[in-house]
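The structures come next, written out as structure tokens.
Both complexes shown next keep subunit A, but they swap its partner, so subunit B is in the first and subunit C is in the second.
Moving on to the complex of A and B:
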């Protein structure tokens, strides 16, 4: 009886463990076949995302980068690591201990430290960032793993093994290849596998050391935070199946190898496989060289992830016979870090307050408006804003505001009349998503209290803090990042703080939702195109800006991304067609209480950050 | 006769410590030569210098009259059997033995033939496909020997090859090694710290201590005529007595003068005398010059080991007769039983 119970409970335990490990994977796989965009609702079987994956040249290129970098890095670091480990086993004890300890540092080091170190190294050596730097970095962080897994195997060897081989006539190289390597194979394989996994899913280091448009899968996925694209599910599914396949092959290989037909096969194959291998290497090296080969006419653009219609980039390249190196960032702050580290771009598309900061730090070129023939297409209301008076440095790219996205079936219209205060209405306890951002949250509180969102008055900030704390006590909101998009498509909560462009998109997927901007004012924002001081080809840069202001291009871009276009014609067209009756696509332009974010003095910024931390930890 | 291998004043230092302090040695064709000495005396180091795994700091190493100190191991016509065998665990018995021939890219059919011949020589026919890690110690030892011999070296180096085996297996393997050496007819340089093994197998025994060679000779020579106290003590058991050489063939110790057969010492030179325990007879007290009291008697299988306390020292005697403890006895030995040595400085 007791035994039976023990058996059942241990079975249950194993089942739970498996569930914990594999349920997320299975969900990913299921949703890769979802017919709609949602991650929450399964609406039917379709291969839509697989098709999208194949057609998405950006993702396919990233897959190519990830796989080729992983293969090269694995091969090179395995050889390097193995040789180092062998050499190490022969050196003096003190040296050995020191090197092994030093070898552990990169493994235990947070990735970010390694990443920044490498980035600084490459920058100071003036090595242009791109495929080669990414590969070098991967070799650099993979090698210690190989050393750590190979070294113990070498220690296990009888220290006369190499002598024995040489005694029998083997040269040192033959001894290495015919005796040492076969004996430490398990360690080498383990190291290889580790190196490959570390390389293929690395984000942090790749992000910092890459450049010139070279991106791997992790970077694409990470920068695509705003709209998590189900194409990623399709990709994940393929990767998972590939791994399962590899594991099965590895498990079966020893059995297969011992069967006679395989032996016979094996004896014939080597020459052919070697030739195939050489061919593959050749192609890969060719690809690398191609990547390295600079194009005289190139434009480097740095934009937020999922913030352009890809076809526009291709169209621009074709129209002007040039190459666009297009890279993405996930936030203004990470863009700033990368740019300050010396990475060079021609065009960047930051937000208002960041434009102000970059201009203040003399990082931007003044824009010669006579060289832009499409400047007149922009709505006048969006020009000459306080963060960049006279648009000396920036030309609007997208714009919008922040408001409350609400479920019309749950939230009462009269409740909304309270303005931002509706977010503190106990009737919606546990039913509200706030935006997990200190600046946006303080904006709401400050506007609810009737202050400027750029205030530097600490008393006002303290009152805003109190407002937020009380809100937390009354309605217990959830502070969310960009996952809010998917959650609201699924209709999880009654209200959420959302950017107007995201709201337009969410509303197009869920018709129960409405968008409301309180009268007491909100944050108006503009993301603008700027030309950096580093820009080498300003002619092309001006052409890019003009190209984006072309009405057809602007409306295609706006339709795909869902944000409001600053180009009058495009804005009108989209608001009447694709996003007709979508109040979020048409942010109001006439409320005197609406304001832009301005550059925040570091000391105020720090003060807000402290208060925000206190709010969240209440 | 020319030496096959000659070591001339070989020295070696590890970490500021001189391990070999000038080794001079000639090794001849077909010779079974044993390096014998206590642990740490430099036997393995000497062997590794001959094999080429270590390089000497000074001196010459001649092979067939040619200096080979700088030659890498894979070019030398010597092969080694390691103490812990150093077999290749990823290869089976056949491939282990065939390793040397495969490296030389010998034709497959020849390899097969040779390996089979070797397996027969070491008595492992039929073991070709076996995993080396599944073999017993003795079997692994045989594989190691076959693996070395298949290369037809002129010299086989063996570093304590029987060290890991139990006593019985050791005896068997000693016999077999000797047989193999006779059959293949090559030089064996054998390292051991077991004096019995050295004496029973070798043509020549080289006794080493502390980086020096103490004595080179046949087993009988080093046993019967040890050149100094170290050799006498290390090989077999002995009574070592300080004395004076009165003149040729007359030696004095323990208050008495004895006739002996040793010559060539200065008159009244301080010397040491070796009396092997089995060379001393116990007789009635009035029948001998030296007398003493039996203090202990221990049965050792074939003989008794009897300790006799005389005026100056304890004598050890091996005899098949029983003598009671406390008995007053005389110690007798003939002139040829006395061996006079230089006194160690």
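Moving on to the complex of A and C:
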């Protein structure tokens, strides 16, 4: 009786563990066939996300990169690893131990350390980040696995076999290829398999060493975690099925191979057909490579995430017969870091204070206004702002302010009268999203305390820091990036700090929400398009700016992302149609306390960065 | 035989460039000031001095604490799992182990994304719970497999002998079975600890922006802040922590034998 009970409970336990592993995977697969966007409700069977997947050129390019990098890295590291392992077995002991120890470093080191090591290496060698750096990095971390799987097999080998072959007249090369390699085949296969899966699964290393718009599947999925995108479910499903299929085939292969029909099949395929097959594979890989590397006329644009209507990029490409490499950043600071690390762009779309900084550091070209025929479309009051007088370097892209997005059904109106202090009201404990950005968070604290958001007074900054720490103690806010959009549409929290444009979009999806900008002032901002000094095709760059200022395009862009357009016609149209009665689409412009961010002295900047890290890790 | 000796040469050069040089450069960045050119190097220990500041100390303590909790939970769950699996018939064992390995082959990001889509509608995102669930789900197989390997290699007659000599099941388990499986346990512990202490995607995605662990700190320095020197110092420290925990575990292993 007791034994039976033990058996049942252990069976149950194993089942639960497997459920833990497999339920998320299975749910992803089920929801890839969902007809709606939602993750909460299954509304019916549909293949629309698979269709979207095929049509999504960015994802398909990433699949190409993942597969081709994995194939190349596997092939190269298998050869390199195998010959090294063979050579190793014949080397002197000291050398052998040395190499095996070095070989263990990439295996034992945390991925992130390997990744930054390679990133520093490539940057200092001035190798442009992209496909090649990714491939080199993958070969770097795959080879050790091949060596560790092949080496033990060689040690089992009889030392005299190769000698015997050579005594019988084989050249060393023949002895290697015809005698040694066939005998260590199981080890080579195992290493190959390991290398392939390591490469195709990799995220951390690719994330640090890649650039220029070259992304693999993992990087696409990582970026997609910010916004719900069921296309990723479809992609995941295909990847999962492919892997399950591959694992099962590999596990069952020894059995299948021994059955007669497989042998017969194998023998029946004439060598010629096999050659043709191999050639086709080779060509395929070559084509994939070409697609990744080939370029005619290109424009490289660097913009914030979720900040454009994608169809505009395609439309621009078609109109001017060029290719746009479109990359996105999380924050002005991460953009700056990337540009500093040597990445080159033609057009960047940063915010006001960052434009000031880039201009000060001589990163930007002066804009020749005669080359822009749509410049007159911009609202005059958005021009000539203190961060870039006379718009020497930047042309407005979107503008707005920062405020509190709140759930009208949860937050009491009288609580809002406290201004920014409402964010420290214990009644909303665990119910607040802050914005995961140093400057925006300090802006709130400084404005709540009645200071200027551009203060360089350390005492004021210290007080702002205290304000934020106390906020953390009282209400335990969560610091979010773009994920806040979906979370607030779902109504997860009572309040969130958002940019006016995101607020406008979120409010159009969830009618319970309102937008509030405290009287004590907020940050007024303008994001502008700038042309860098590195720009290779300034004609195309000017065309891009003009294209974005076209009223039709500006309307479409503004409607999709929810931000207020600087183009007068577009702004009027959208504020009267799509976002009519949406208080967030029309940022206030009459409050004396509202300010633009200005360039921060490096010393103050570093001081704030340190305080901010402190706030977050309290 | 001497013909094949030279085959190690390409890798010798290659590993020097892509393994040793980067490590040396991390070290170099860690002990210099920012804004240095190669001609005008100024050495400093300031980057390491920062660790003593309570903020960063806390990041380290939190990461190690979270790593240890993950290891503990994985050890309990993984050991019982491996133990149950090891007691099955061989065919069943092979099948169950295959089921354990399949998730390991599936892209980690895809599985984290899957968890996000489950936890989000339940309102459980951005909690310690979410991060723990993500970590355990990702890393548990790395605990199960080595433990299972040592359990299945174990000579069953030891257990029988213990019973014959009058040990009760509890004594038998702790004094015989567990002791003999220690190499597997240590392997699993090292793997899970290494993975959980250096990850930055799981806390980033499931924990939200306020989740700051060593991995996130490094990523921030390189991607956002641009302080490569401090970032390198943190990485160096992380590598050392891992190195020493491996050494320490190996010592325990030897002590046991």
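Couple of notes before you dig in:
The definition used in the following text is that the second predicted complex is superposed on the first by the 436 of 618 C-alpha atoms of A that agree within 3 Å, B and C clash if a C-alpha of one lies under 4 Å from a C-alpha of the other, contacts with A are read in each partner's own complex, and residues count from 1 in each chain.
As a working rule, a contact is a pair of C-beta atoms (placed from the backbone, for glycine too) under 8 Å apart; a residue touches a chain by one contact, two chains touch by 3 or more.
Quantities reported herein were computed from a predicted structural model and do not represent experimental measurements.
Using the contact criterion defined above for the overlaid structures, shared-chain residue A:192 touches neither subunit B nor subunit C, since it reaches no partner. With both complexes placed on chain A, subunit A has more residues touched by C than by the other of subunit B and subunit C.
Of the two partner chains, subunit B is the only one that A:179 touches; subunit C does not reach it. Shared-chain residue A:102: touches subunit C; no touch with subunit B. Of the two partner chains placed by superposition, only subunit C is touched by A:86; subunit B is not. Of the two partner chains, subunit C is the only one that A:116 touches; subunit B does not reach it. Of the two partner chains placed around the shared chain by superposition, subunit B and subunit C are both touched by A:163. Contact with neither subunit B nor subunit C is seen for A:446 once the two complexes are overlaid on the shared chain. Applying the stated touch rule to the two superposed structures, the overlap between the subunit B and subunit C interfaces on subunit A comprises residues 163, 166, 172.
Interface residues of subunit A, counted against subunit B in their complex, comprise 158, 160-161, 163-172, 174, 178-179, 182-183, 185. Across the complex, subunit C is touched by residues 10, 13-14, 17-18, 20-25, 27-28, 31, 39-40, 80-81, 83-84, 86-91, 95, 99, 102-103, 105-106, 108-114, 116-121, 124, 136-137, 140, 143, 147, 159, 162-163, 166, 172, 175-176, 197, 200-201, 203-204, 208, 217-218, 221-222, 224-225, 228, 232-233, 236, 239-240, 243-244, 246-247, 251, 330-331, 333-334, 336-338, 340-341, 436, 477-481, 483, 486-487, 490, 492, 609-610, 613-614, 616-618 of subunit A. Those residues of subunit B that touch subunit A in the shared complex are 51-53, 72-74, 78-80, 82, 84, 86-90, 99-100, 103-104, 147-148, 151. Remark: subunit C residues 1-12, 14-15, 17-23, 25-26, 29, 55-56, 58-59, 62, 77, 80-81, 84-85, 96, 98-103, 105-118, 120-121, 123, 125-126, 136-137, 140-141, 194, 197-198, 200-201, 205, 208-210, 212, 215, 217-220, 222-226, 228, 231-232, 235, 238-239, 242-243, 246 touch subunit A in the complex.
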